[in-house]
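First, the structure itself, so that you have it in front of you.
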């Protein structure tokens, strides 16, 4: 009967949805591990605001990256069983991955002063295969999150006596902001985050201004004054 | 019969409702172009905060104004088919136009140090006909937006060594603020934006204070107490 | 000087803003009169639900239409001073006008048994010029409001012994509903109002069958079209 | 000294602020009693919907009115200590008093078929002094609440065989509704409640229709067409 | 008849509701005058930030106080017709009165260097009767608003060469802050405003130290209490 | 050091909270089973609205109760390990248990026409020990949910030709409502649900009215007409 | 320090190169999404028209109306769904789901609505997907409407069925209304079991509430006709309660 | 049918009996809850006063102020917490938690605030619970503040510490402010690790945001003093940046 065939179709739906549900549970278990590792790493990295010696902190944090990478490999493995469904479950690890990216890029910046690229980030996480890649938007959002850390970092570094820090951060952030402007962003989450970067930039400019107007220089001498005048 | 004439009347309604719907879609397409042009132009103009040479930046930005003007002419053309309906669809381009005004007035201020008038702004956009004009409130809100850029500009100019900038901006902003105070604003969006201008003014005063108390002068020499007293 | 020309320009803005403010106040004063006239007229017209003699009620109500017309002429006059701004202030009289339309169409139906057309309604209100017209959606919403009165009217008429009323209303409402179905409505206020009309239709049918099944006819005989014509 | 006189002044402010806080607590305690008494009284009165003998129910309910009156006297006493501050704390007992009014007016209507006046209601609650009166809007809102009970009452009375009830209620509600329409209500809570009264009226009309069309009369006999016509 | 007495009662209600409505309109008309006078007075008083000569500005502002007083007398007069209803309409003039208080206390401080007391403020506004008084919380909030002006005032005075100003303001604000700390504030609007005062205090201290550390004194010598007295 | 002892304390917190978290996970797993069993049972029981033969439906549903009981025993077992913490985790099974109660009481009512008591419900679920009991409020909320099913049930039963159903349900619901009124409810969720029961009652009264006024009786005869008259 | 400066410039230009790639990627994605959204919007608009067409049904013109609606639906499939299919081909269907989901849901609503009016049964997901198959390039993976969009479409379908039922009762087609009632109840019941397993069930839960309201509106309408009809049986002397409504000669109107 | 009627009456009266029991249970519970809420409200109000008292601190009266605050806190413990403990004794502490949680949180805030000002360290949960132990009847299980309420109280503490820090900087007590900064950072960091494990972390998450704002407000204030101070080193010829603020002779004011 009609009612019976209805029942049968829905029976099938239920089976499929339950399968998808249990897949999701497996994903979530891994994601929760990622989240917890990230949190721990972030917590110890945040000691940079207290001006603890950075290399040590970075060393400790780096050791966690491999743990993260292993988790992402587990994720990749799970999804390999369901080809073409990466984006069906993407929402389950998006936000955690964005935080991971912000962590990685912040660490990289502390070490090198430059921006970790998408490819490099993906490699570090083992997300560089075509089936299980690092979503570009997630990478970019993570970079925005990283930018949010910088004003606080600058403020605390100056308090700790590093008067050259604002200049370095301002240059980096200005370049980063300019690079972002090359992107044609839709009216979405990434756009909103990028709009927020403007405030980071403004805050760093203010800190730089505070240091500059008081003539505070890295070595107690008028370093680079001519350069500044040359630029104006 | 009655039922037939009813039908005929509603046939007419159907046509009208569908026309209005498609008109709105055409408007939105143009407005989205305006939004995108404005965003790009603004992005390049904002390089003034990084002390890039202003004349070049202005040159580049100005070339975009004509693009904007063309878009507004398209809007005007569309609305010419529907006389008297400017304000029916006004809400669809308001907020974009306010940003355009803030762009134009900022550019003009950078070039001349004075406020682009409503008439001038309207002319630049080809919104100076009686059917398709530049709404006064939109103009005023745009001017408020422009004022929001000034504190940042001053901070960055001082950092770059232009110690006369605060004085110039303070004078302009003081006059602008006083002019706005003449208006009897209702408790609406414009009023809220104007209330915000107070904070811009305050910030510029602070920067002027910073420069003044340190005796920093346009010529890079320390001005003594007498100079300060001389002005008071 | 620059500061002086600024002042002069803002002097102009003040004038314009105050004009617009006082215009709005003038509009509101008139609209408030319209609202109050409509409320009183409706209140007395609604005595038809208490089976007061219809011709007298209509007579009294009609005399108010001219008052309303005068008010709309005042509105038109006010707006004539501001050509092209009809839709700028449209929101200030929309909802009141919808009620007026429902009043007019109800009266017209009581008198003639047919739907007052958009053009007729506009004429009665003096809203038939191209600068100051009756918005089609307002008209349609008003018609929906009118339809809401019909079930109540039918119930009370039958209670008072008019057993032919359900038939007449049912025919009218069926045609009206069919006409509305021709429109491809968006999911907005009008659509919602139209959905409600279906319930009016159903209630009137129920009453029609109640009467029918009991063989309650005005004269115990089948009344043909002529009766309706006799009523008009 | 200046600093000392400042201190003394603020000492006084502290006392005043604390007094006002404790006053509010006292008021709330009494209001909570009023709320609870009202709820219980209402609950037993609502047995009229189950066709319990009305006089007994009324007797029981009336005995609670004196309890309420005592509570209002407590309120009055508390406020007597703070002359002129009735409306400062009015919001704390408004909504409870509206329910009390709806209780009183319903009881009165059940007993007499007429509306308890504002003065009578105030007297019953001891709110008839000039310092501690019954706010007119609260009274009117209470009356609207009472009207909401009537459709249910009519339905249940008819079910229980009282076929005359709809006629009586309809007459009362029609008069009440007409009286309310005389008021020029602002767009506030009272207006909204009054708008709801229309639905009560409509429902009672429907029940009256049901009874009428079936020829159900108070005396259990079928009334023919002539009776219906006789009334019209 | 019952219906007639109903009508008569509601006739009375109509009168009362309309009275209350028109009372509110009358209040609002006066309050709008207060608002506009205050705004203009404030606008001209705020020229002290541009270092215009204070005595002149005060003279001009004072002349407006009498205008304000007259408006408050109008309010009092209106409310005298409705004894005990002060707090019924209090919300309609609260926020404007807080601004008025901040204006008065700022002017008084500019003239005398001390805080205008609640009683004095009330007297200046003719709000010193028991029926029409100045609410204590409104006074306190007004004082907080006044404190918000002081940092800006100090910054601009120093810019203009008045190096003694920070010391005077700091002493005043320190005392005021201490006095406020005596109050046990609830977590409401006033508490929030008071929290803001701490930032005003800090900013003024910073300016004080800026001036101090540079040895900027009016005459190059330490100025004692007598100077302050000299100013008053 | 101080920072170290801080760390140690928080280390301890984390361990405890993680334990609690894993306990919660175990609870949730069981609750999810309960939820799924309940849903299935409910879905099949809802066929009573389609007038399938009730005894069969009840039989099928009853067989699920034992499954539910087993799940509750699992819950009890888990919590036995954590004495005194029943109410810490109560929120995790509240809402599901309320639905279970509504299911049980609905089934019981269908079978016996009477209300399953708290004790009986607890027994059926094995929640009758002192450590792991059925919360009284959960029971009462469940009963309210059950009441929400009744209007729909009555409507569908009448459509299926059972004209006595409204009378039976009305009597039950009236008694239930009266019993609830004995409770002194706080302003919480239960109170809100109970307030909703009023609407169920009203709806059933309306259905009873609809059937009664049309003289529809269980056996096609005028059963109990005299009783109704006797009551009036 | 020129070398430092140089290094920074290198860094900066490396960043710009990287971002140029991101920009390219995002532009391509956004443009595709934009096209898909537009296609989806067209599908929505035209599916709504099909639904409106079905609502124009009366007792007398049922066949014509449904026939026309089916033609319209076929046109939607051929003109608009095919465009959507083309835009999506070869792409990850899940990635752009949010861009086309509204259109697909409305299409499901229209297709199942037509089908129910014609056959009284539920058009299955597989059947819909079968009609879409010919639209896509055989070399690529075809677009399959996923379960979620299908179920979301069904949820909206019940609202339209409710409107239809009220209309049918007005037309005296009691049996039709009762069929709808049964059908909607079945769907509602089945959905209660499936919904908790759906990926993102939050908006679906709200739709379930609306759906229950719709079911009850139909039930109340059927109830109302039933008690009314029963009252007249003694008056009419008929035994078939449904006959009374149909029996009223409509020509009179 | 008299037997049927009788049966119904039995049912009805059985129902009433059952509900009489529920009513009794609910009344007892509600009254207890009401008393606990009142006790908790008193604890809140008086704890707030303790906190306000601490804020009255200046550089010169610190010892007195803290001593007075501690006395006030002891009074809160003895008069109000003890009432709460008495109301709760023997009860399931978790069941009524929502009734007393606000009071307990504010108490934790006050106690840890006093303690920090006195010792510069965090008063531990065990220590607080130890002070509560003597308040309860030894034969009954004593009230222990649970971890959740303790953590929620700590979260609010940071807001008060921020206010205190701004005040201390004003008073020239830079070291004090820096201590606060360090302490608040530590707490914030530890909480980030603990919060995700909390039972109901939704409101705590919001508190974490507020807390980060507080941390940054303190950091910004310290920054501001620092750059200002550094500027004057050449002017003053001093080497200790913190000395400049403290060094300004306050008597002048």
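A, B, C, D, E, F, G and H label the chains in the order they appear, each numbered from 1.
The criterion applied here is as follows: contacts are C-beta pairs under 8 Å (C-beta built on N, C-alpha and C of every residue); 3 or more make two chains touch, one makes a residue touch a chain.
Treat the numbers as computed from the prediction; the structure is a model and nothing was measured.
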Any chain that touches chain H and chain B: A, E
Between A-H and B-C, the pair with more C-beta contacts: B-C
Farthest chain (mean CA position) relative to chain H: C
Chain F and chain H, separation of their C-alpha mean positions in angstrom: 39
Chain D-chain F separation of Cα centroids, rounded to whole Å: 34
Distance from the mean Cα position of chain H to that of chain C, given in whole angstrom: 61
Distance between chain centroids, defined by C-alpha means - chain D, chain H (Å): 44
Where chain G touches two or more other chains, by residue: 182, 193, 224, 228
Multi-chain contact sites of chain D, meaning residues that touch two or more partners: 178, 184
Which chain pairs touch, all of them: A-B, A-G, A-H, B-C, B-E, C-D, C-G, D-E, D-F, E-H, F-G, F-H
Touching residues on chain H, where the partner in the complex is chain E: 48-49, 52, 55-56, 163, 166-167, 169-170, 221, 224, 228, 232, 235-236, 244-245, 248, 252-253
In the complex, chain E residues that touch chain H: 167, 170-171, 174, 181, 184, 195, 198-199, 201-202, 205-206, 209-210, 212-214, 222
Residues of chain E touching chain D in the complex: 2-3, 5-7, 9-11, 13-14, 16-18, 21, 83-90, 114-115, 117-118, 130-131, 136-137, 140, 175-176, 178-180, 182-186
List of chain D residues in touch with chain C within their complex: 174, 178, 181, 184, 202, 205-206, 208-209, 212-213, 225, 228-229, 231-232
Chain B to chain A touching residues, read off their complex: 36, 43, 49-51, 152, 155-156, 158-162, 207, 210-211, 214, 216, 220
